[in-house]
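As written, the chain order gives the labels A, B, C and D, with residue 1 at the start of each chain.
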Amino acid sequence: MKKFINSPDTVVRDALFGFAAAHPDRLCVDVERGVITRAERPRAGKVALVSGGGSGHEPLHGGFVGPGMLDAACPGEVFTSPVPDQMLAAVATVSGGAGVLFVVKNYTGDVMNFEMAAELAAEDGIEIATVLVDDDVAVRDSTFTAGRRGTGATLFVEKIAGALAEQGADLAAVADVARLVNERSRSFAIALEAGTTPAAGRPGFDLADDEIEVGVGIHGEPGRSRETIRPARDLAARFVDSVLKDLPLSSADPTIVLLNGMGATPLLELYLLFGEIAALLEERGVVITRSLVGNYVTSLDMAGASLTICRADERLIELWDAPVHTPGLTWGG
Amino acid sequence: MKKFINSPDTVVRDALFGFAAAHPDRLCVDVERGVITRAERPRAGKVALVSGGGSGHEPLHGGFVGPGMLDAACPGEVFTSPVPDQMLAAVATVSGGAGVLFVVKNYTGDVMNFEMAAELAAEDGIEIATVLVDDDVAVRDSTFTAGRRGTGATLFVEKIAGALAEQGADLAAVADVARLVNERSRSFAIALEAGTTPAAGRPGFDLADDEIEVGVGIHGEPGRSRETIRPARDLAARFVDSVLKDLPLSSADPTIVLLNGMGATPLLELYLLFGEIAALLEERGVVITRSLVGNYVTSLDMAGASLTICRADERLIELWDAPVHTPGLTWGG
Amino acid sequence: MDTVTTDLVLSWLRTVDERVREHADELTRLDSAIGDGDHGSNLHRGFVAVTAALTRSSPSAPGEALTLAGRTLISTVGGASGPLYGSALRAAGKTLDGVEPMPGELLQALTAGLEAVRKLGGAVPGDKTMVDAFTPAVEAFAAALRAGSGLPAASAAAADAAEKGARSTIPLTARKGRASYLGERSQGHEDPGAVSTALVFRALADAAAD
Amino acid sequence: MDTVTTDLVLSWLRTVDERVREHADELTRLDSAIGDGDHGSNLHRGFVAVTAALTRSSPSAPGEALTLAGRTLISTVGGASGPLYGSALRAAGKTLDGVEPMPGELLQALTAGLEAVRKLGGAVPGDKTMVDAFTPAVEAFAAALRAGSGLPAASAAAADAAEKGARSTIPLTARKGRASYLGERSQGHEDPGAVSTALVFRALADAAAD
């Protein structure tokens, strides 16, 4: 394993120092407590958005803290959900009196740790709502299992709910739109190579020179099946079929499409793959209303990509277009 | 080699289709002629900035086309400079009558192809100025060799000269500021793994499990020396020492610092490395006035990073802060 | 001497710390196969913090020690195992009254711990989780006490049962936690949390044997 | 028949296309060692386009064919080799008058081509570039003509000299082009452009031998 680190034990802490140094004007990084917040103090009466999860998915979540998106992010150890203390510290810092929305990716650990934090915050009299993001169609949803994973749709939820919160909506409304976005979003991922966690020191799974892992998650979990590499055109069909199967779309639906790199896939390949996906979507009568191509919800140095589509409507597109100013996502006035 | 491609021969063309599909509102992609321009027609009287180079360095250059930066980019084949026909087509499309600045990275092929285009454009009565970017301190500069390579400083040159052009400055002034930025910028890169071109199908060079390539370029050229991997803290010193040796800085100099990922390095590691570099710069009395951490001037799926520092002044910082709206770089109103 | 002294509990927790350290790589390897490869470092981080916390505050009763350990795990581990082990130890600690409770009281505490895990995680035996080691361990501990064994023998029986329970997860299809994403591909691998639970019970047996 | 017919030039250029195709991987491998690994695909792309352009416009004179080939290389190859080979062929083509020039005129054309490369790239023999194959090839061609050889023998001598020149680049330290970034680490590798230049001259010899 070759990485720009000092020691596997101090990766997240050391990276937080760098995060602070890189964004001194816009972010406040509390390295000791593991909390990233906006530089400005919370606006009274604004619903606060707090998210977090294991590190290794950057720019998610710390890179999405800023006007128009998150108020705080709690980075856990690599691929390990944060602890309740972090969420409580975040809530204490960013709560503006109008309640706090926890945006939680649906993983057992994340769910439990955020739940514990929510209970403790509620005991302190702070109103907490939680949205669980579970968009990954590679995982069968069932009440007997851990349910679908949260992946690319997290960006959609954080962006759109963040925009509504910025407009002054109340907690119920912000939580509602967050849930709506999640319900209408589905993702599917394919890996060409696994990523390597500093702690494990070797790839999460080994693939032969012509093998790919289909239906992978963002934590180096192996996927649903191992298959043979095929031209981008064919893989594009695999992405599109998998997502559309779970998310039927008509040509009347506006959509937001994210083609996300997992960390080690060059932008050149992502654009190429996006071209194939866009052509397929057009064939099937799906209109791409907004799109995003790049590394947003990564898995360390995994080579691969995920496709996320949100079946939007006019209001969601408007919220998507609202200004956002974060290290990882910026547009609007 | 596992990549999201259809065939090594059609990578750039196929990717251009995706680039067009991803940015229909802001960019115009002429796939046949290999030219990316802004969606809006050229403003009369504005100096036009045209750049280009081999593909595989995305978002450079196509991702830097847009208000506040480039008017056009000419993507060559992977790691191969574009042909003069592309630059001529770009000039014909974006020339607003006030002359055109070619931003050229100093590689034999790029220099020759842009030179040929400049001669032919001049024959057509279009005023062309050229800035050669040569910031890489790993290469010894001498009139008997090809000279220093152009790497990270290209982003600084395109951003700052683009801002001045947007303000309506004339060609001489825009070319002057471009050259000034180049003269005041230096870069140094270290690779942990080489990238793989689709044509070659295997990494540009092979490194053992504990080896790194120090002083590499952005085309998979091997570097100056092969060394043993060390903690990020020690490598940070290597980056800082190499750059500062060639670019003496006093604490009175404002600086712009780019810590650039080569394509396959996770943002988590880049931030960590930036933290170490920022600490070292502080120790040496260097003030980081502006910074950028991310994958901007990449080398396909090379794992590694480059540090670029520009010894700026108030005016350059102002131009840096001016609004920019491109797929790869966005800020300001 | 067949009571659960504070020293015994402290020795137990310190032994867990040691065993987790020794087996961290193995736990991580198991977690890499069907999870995300962090179980070893998660528990290692947690129990190092537990040892530090216990040294700092030197608790004067077994229940206090377990509660502190649980709280510390919750605050330092994260992931799925942090809240689960943390809640288990906290629930166990809260159940354990007095300075020298009897083995029967420890059984109640362990039962409360298991209940906390099952309530928080919703897993039942057969789901391929730590519950598959925890449940038989508690049952074996209960059975041994019923049969008249003392603390050392009951703890050893619990450890044996936990190890057997861990091995029994190999053929199972995971239905809870990260391994459940793999569906049938999770078969043929031992659950890392079940293995770490077996380490915890073996540590109890070794501490009680001294 | 010892004149430079249009057919001969077309056959030469077609042969270069074939040889480049056959040796593309080798050229790329050489370029990977001390460059950026694209020399094979660059020339392959270029000469495929040359063959297509020649088929499309069937030139009626040798000079016309070479000029068209040069222009096509400039418009399709890019990199360093595109302008260099393109300018060489264009300069050679412009020098070559009439429909059946004599071998001495081909020598002038080749000399003009070499001059174009040296002027554009600024490389001198010993810099570890295509000039190290091109220069001795032209010299050998001239010497052979002076010694009374016909076109086939002169071309074969040029090809031999080009191959020897290419091999002579192995110990050199590159001073021009991408390999110069390596400094002394470029030693021990054959220059890809010198090798492709040898292919070009061998193709001429084979075309002239028919």
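In this section, a residue touches a chain if its C-beta (ideal position, glycine included) is under 8 Å from a C-beta of that chain, and two chains touch if they have at least 3 such contacts.
This one's a predicted model, so the numbers in the text were calculated from it and none came from an experiment.
Taking each chain's centre as the mean of its C-alpha atoms, the one that lies farthest from the centre of chain A is D. Averaged Cα coordinates give chain B a centre that lies 32 Å from the centre of chain D. With centres defined as mean CA coordinates, chain D is found 75 Å away from chain C.
Chain A and chain D, compared by their mean Cα positions, are separated by 54 Å. Averaged C-alpha coordinates give centres for chain A and chain B that are 29 Å from one another.
Contacts with at least two other chains are made by no residue of chain D.
Multi-chain contact residues of chain B (touching two or more other chains): 78. Contacting chain pairs (ordered by label): A-B, A-C, B-D. Interface residues of chain A, counted against chain C in their complex, comprise 8-9, 54, 76-85, 107-109, 112-113, 116, 138-140, 144-146, 149, 197, 199-200, 202, 204-205, 217, 219-222, 224. The touching residues of chain A, counted against chain B in their complex, run 1-7, 11-12, 14-22, 55-56, 58-59, 63, 78, 192-193, 195, 207, 209-210, 212, 229, 231-233, 235, 259, 263-276, 278-279, 288, 291, 293, 295, 298, 300-301, 303, 305, 330-331, 333.
Interface residues of chain C, counted against chain A in their complex, comprise 28-29, 32, 34-38, 40-42, 45, 74-84, 120-121, 175-178, 180-183, 185.
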